[in-house]
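Across the two complexes that follow, subunit A remains constant while its partner is subunit B and subsequently subunit C.
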Partner chain A sequence: MTDKVFTKEDWMGTLQRLQEAYRIFVPAKDGDFHSFKPLDEVTSPDFDYPNSRLSPKSTVYPQSERMFEYTLDKTDSEVNIMKESTKDYSPQAIVGLRPCDAHAFQIVKRNFDNPDYQDPWWVQHFESTTFVGLGCNTPCSTCFCTEVGGGPFDEEGLDILLFDIGKDYLARVLTEKGEAFLEKGAGGSVADNAALSHAGELVTSASQKIGSSVHTDKLKEKVINDLFDAPFWEDLAFACLNCGTCTYLCPTCWCFDIQDEVLEKEGDRIRNWDSCMFPLFTLHGSGHNPRDKAFQRVRQRFMHKLKYYVDKYNNGVQCSGCGRCIRYCPVNIDIRKVCNLMNSA
Partner chain B sequence: MKNPYLPYPVQIDKIVTETEDRNLKTFRFVFPDPEDENRFAYTPGQFAELSVPGKGEIPIGIASSPTEKGFVTFTVNRVGLVTRHLHNMIEGDVMGIRGPLGNWYPWDEMEGRNVVIVGGGFAFTTLRSSIIYMLDPVNRPRFKDITVVYGARSPGMLLYKEELAAWEQRDDISMHITVDGTDDPDWKYNVGFVPTITEQKITSADNAIAIVCGPPIMIKFTQPVLENLGFSPEQIILSLEMRMKCGIGLCGRCNIGDQYVCKDGPVFSLAQLKEMPSEY
Partner chain C sequence: MLNYSEKIRETASRLLKDKSVDLFIGYRKGSVPMMNEPVLIREQAMADQLYWDNFCGLNLCNYLTKRTEKIGIIANGCNSRSIITHIIENQIKRDQLYIVGIPCEGMIDHRAVARAVKQKEVLDVQQDGDKFTVRGPDFEETFEKQKFLQGNCATCLHHNPVIYDEMLGEPVEEQTGVEPYGDVEKIEEMAPEKKQGFFTRLISRCIRCYACRNACPLCYCPTCFVDESNPQWVGKSIDPTDTMTFHFLRAYHCAGRCTDCGACERVCPMDISMRQFTKKLNKDCWTLFSWEAGMTPDQRPPLDLYKPDDYNDFVK
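Right after this comes the complex of A and B.
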């Protein structure tokens, strides 16, 4: 597989052609922020962006997803029988996602696609998706991908990695899925040495721009109960409003709720993103709530990401270092500080 | 791809009101498709999600034993939206069951040992499953002495009253039924809280496994009694409850530390629980 070079204009043409074979999601300006939208719904994609405010997780894992449909009509012979909702698993591609967000899909995959159970909807959406990443020439001040096993040009979880080398993109094909994508798109030329060395320089210079220092090396050896009972939780959670912004924006938060919705005699079973920040998340029918205090919920979020996940999968932390929760937390709770506190506890 | 969220269709075959306050009913379900019954092969201690279309799902321990064929039963306390609706359903209604889910009591470990069962209130459901299972003629020789302490607030709040009376008559199981209090002059069993009766009736931890299920307050006071008798944390087995949705360890809400109660539990030894955060 050889690296190809596209002028930015050509690349847009390639994407337009690819729409015949793929549903393509691209970053686009949406008010003051960027979000991922279907290419045919945006006037102009904007690949010159720091990162989207909402992660692209909804492209594989919709915020609200119909699971089953049924009728409550007692005169119907199929009354109360659940039928799987039909889904569209035709090929789709996320183009221009940042390497941290591609890494995040790999983190989440360990939950939804494990040896015991496979979530049929997540897995099929994931398998129908081609991930075309765009490396970060200029990481943000809140970025720390390099500290959690990634990097501004990390290839994990990507089918193609794009390098923005000025007027052109260099496209590095990483998988057969990626190769098929570029073949269908056609265009581009074989990358010359100048383009390749430019891309190589970007990889080095971008990593050096990550200023955050986050330590995760000692998390694995800690005893769960020691960290759980650490003295700092109430203090660091003091300002938390339990607004749930962190879990909503996080590309690695996967918790969901299941609800039945009924209109007249037709019902749907739906799953929705949920958040461990909300007291209802764990409220028992009896009224008992194992996490009824705000600080307990904050502790759960960080312990899940930085200790329980680490112990369960032995494959790093449940965080890709995108920094969204740091940028958008209304009370400036910073996962980097929490991680360092836990690591040195 | 097999869909782990899709319930098996079942029909309500029989409903029994268990308690005098009418808050607990036992539902017996049959599978219209006999293949589904085979697929729903379970072991005592496991639970399932009862699926009430239009309302939602609830995780409930399986009260029947795999040695009972042709049906599965669940005893349901009326608490919230789904259980309230379920209590108003009638025999013949169709709904769903998803499972079996979770782990089970450590039957391999219990083989060749004395079994002590301590239950309180409506947490007796999977204990009923276990007793029926052990008393089955094929299984009974696998276990030594079986001793049961089961208590409720009053005689009218005991579950499975006819079966309790029948077990009282047998010589291959020692029953110690108790109530917190009663004004019934003909009450012929014990009066006293479960921990007190446990202290009086259980004499030894030798070669024994204790399964304890009940309200938190009962567990809290039974634990030291068993420990004083010499039960090690490895010999004490508990079954936990937690708010659940998926039941298969994916939706993320029923964790205690790195363990999901739905998938890694609901059965844990006290030794395991001591290593886990006390957040349940």
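Right after this comes the complex of A and C.
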């Protein structure tokens, strides 16, 4: 598979052509920030962006997704029978996602697609998606991808990796899916040595710009109950508002809630993103709530990402270092500090 | 404004030392620029963590609800008014509190700063009198504070604390001649369909994270109506009707109680201006009842009160 070079103008033309074969999501300016939106719904994509405010996880895992439909009409022979909702699994591509977010999809995959369980809707959305990453020339001060097994130009979970080399993009094809994507898009030329060495320099300089130091090496050997009973949780969680900002912006938070919504005789079974920050997340039918206190919920979020996941999958932490929760937590609860605190406890 | 940090530390240290309070609630400097973290200090030795600048836009009253200790707390104008509302509504007792008043100069809108530097990453902000300097990887710019105030601060009429046990500085001069409700009037003038469109667009980005509700000191219900499951009043998906129900009902629950502290807008991860809802109700309370929330602990809010001799005919 050969690296190709596209002028930025040609790349837009390629994407336009690819719309015939794929539903294409691109970063676009939305007020003061960027969101991933379908290419045909935006005036112009903006690839010169730090990262999207919301992670691109909703392209594979919508915030609200209809699972089943049913009727309560007793005269209908199919009364009360759940029927799977029709879904669109035609090919789609996320173009311009950052390597941290591609890494995050791989983390989530361990939960939704493993030998024991396969979530049919997540898996089908995932498999219909081509991931076209855009390396980070200038990571933010809150980024720490290199500390959690990734990097500004990490290739994991990507089908194509784009390098922004000034006037051009260098496109590195990483999988057959990626090759098919570029073939359909056509255009571009074979990358010359100058382009290749420019791309190589970007990889080195970007990694050096990551200034955050986050230690995860001792998390695995910690005893769960020691961390659970550690003395720092209440102090750490004091400021927490228990809002869903961190979980909903996080590319690796995967929890959901299932709700039935009925209008007259027609019903839908919907799954919605849920947040372990909400008391309702664990409220039992009996009225008992095992995580009644705010600090217990904060502890749960960090223990899940930095201990339970680590122990269960033996494949690093459930965090891709994108830094969104650090930048947007309204009260400045900083996962870098929490992780270092847990690692050194 | 920065000078208050040292005064806050000294005061908190004294109060904790002489045991006139069990704990002290303030801010400590955040790990990212333009962000400070509410902090609870229990020991005198920890008081040097306390910090104050123009980025203390959260409302600390939020952390008082139903606490039982004797508490020292920092309060500027709007926070002090929220504390009064908390006292009226029996969420905390006046004699549990030692209120350390700060004459406020207004908080800087971090989004306006980000906009002014074209969304480039801000690495550091240094304040110096009426100006502040923003530094990023490849830029440095100095701005006038007054032009970057949060919307609620720009039109604030009560910068000075309304209730306090001790003031850390001379009161600042209150603004006159400001039009706090110019934006509300523009919406009032819209035809119903246009208004509906405006509100629909306003909240279209909402992800139902409830940061606005949770940052609000008025939202202390043990179970919020959106979290009730038996009966369930509101759907939990991102259906626009449910999202609108949440925002409208939350605003109505705040009628006559909101001090326009701006915490809701400040914390919103999706940059939604939900103060447009509460401001309308504040305006109505002002025009119908000459009422501003949290100005006195001796009077209950208008929508929380029934008087047989009310001057309005409709209640009789």
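Throughout what follows, the second predicted complex is superposed on the first by the 345 of 345 C-alpha atoms of A that agree within 3 Å, B and C clash if a C-alpha of one lies under 4 Å from a C-alpha of the other, contacts with A are read in each partner's own complex, and residues count from 1 in each chain.
The rule is simple: a contact is a pair of C-beta atoms (placed from the backbone, for glycine too) under 8 Å apart; a residue touches a chain by one contact, two chains touch by 3 or more.
Everything numeric here is computed off the predicted structure, so don't read it as measured data.
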Quiz item: When the two structures are laid over each other on subunit A, do subunit B and subunit C clash or fit?
Solution: fit
Quiz item: A:Asp257 contacts which: subunit B (first), subunit C (second), both, neither?
Solution: both
Quiz item: Where does A:Thr282 make contact in the superposed view: on subunit B (first), on subunit C (second), on both, or on neither?
Solution: first
Practice problem: May I ask you to decide whether A:Tyr117 touches subunit B, subunit C, both, or neither, giving the answer as first, second, both or neither? | Solution: first
Quiz item: Who does A:Asn242 touch here: subunit B (first), subunit C (second), both, or neither?
Solution: second
Quiz prompt | First, second, both or neither for A:His304, with subunit B first and subunit C second | solution = first
Quiz item: Does subunit B (first) or subunit C (second) touch A:Ala186, or do both, or does neither?
Solution: neither
Quiz item: When the two structures are overlaid on chain A, which partner does A:Ala194 contact: first (subunit B), second (subunit C), both, or neither?
Solution: neither
Exercise. Calculate the angle at subunit A, using C-alpha centres, between the directions toward subunit B and subunit C; round to the nearest 10 degrees.
Key: 90
Quiz item: Between subunit B and subunit C, what is the shortest CA distance in the superposition, whole Å?
Solution: 6
Practice problem: Share the list of subunit A residues that count as touching for subunit B in one structure and for subunit C in the other. | Solution: 257, 259, 283
Quiz item: Contact residues on subunit A for subunit C in the complex?
Solution: 30-33, 50, 53-54, 63-64, 138, 140-142, 235, 238-239, 241-245, 247-249, 257, 259, 261, 270, 272, 275, 278-280, 283, 326-328, 330-334, 336-337
Quiz prompt | subunit C residues within the subunit A interface of the complex | solution = 30-32, 35-40, 58, 62-63, 111, 114-115, 119, 121, 123, 137, 205, 207-211, 213-215, 223, 227, 229, 235-239, 266-267, 269-271
Self-check item: Residues of subunit B defined as touching subunit A within the complex
Solution: 1-7, 9, 51, 53-58, 79-80, 83, 93-96, 216, 241-243, 245-246, 248-258, 263, 275-277, 279-280
Self-check item: Complex contacts: residues of subunit A adjacent to subunit B
Solution: 67-68, 70, 72, 79-82, 84, 111-112, 114, 116-120, 123-124, 224-225, 228-229, 254-260, 262, 267, 269, 271, 274, 276, 281-286, 288, 290-291, 296, 300, 303-304, 307-309, 311-312
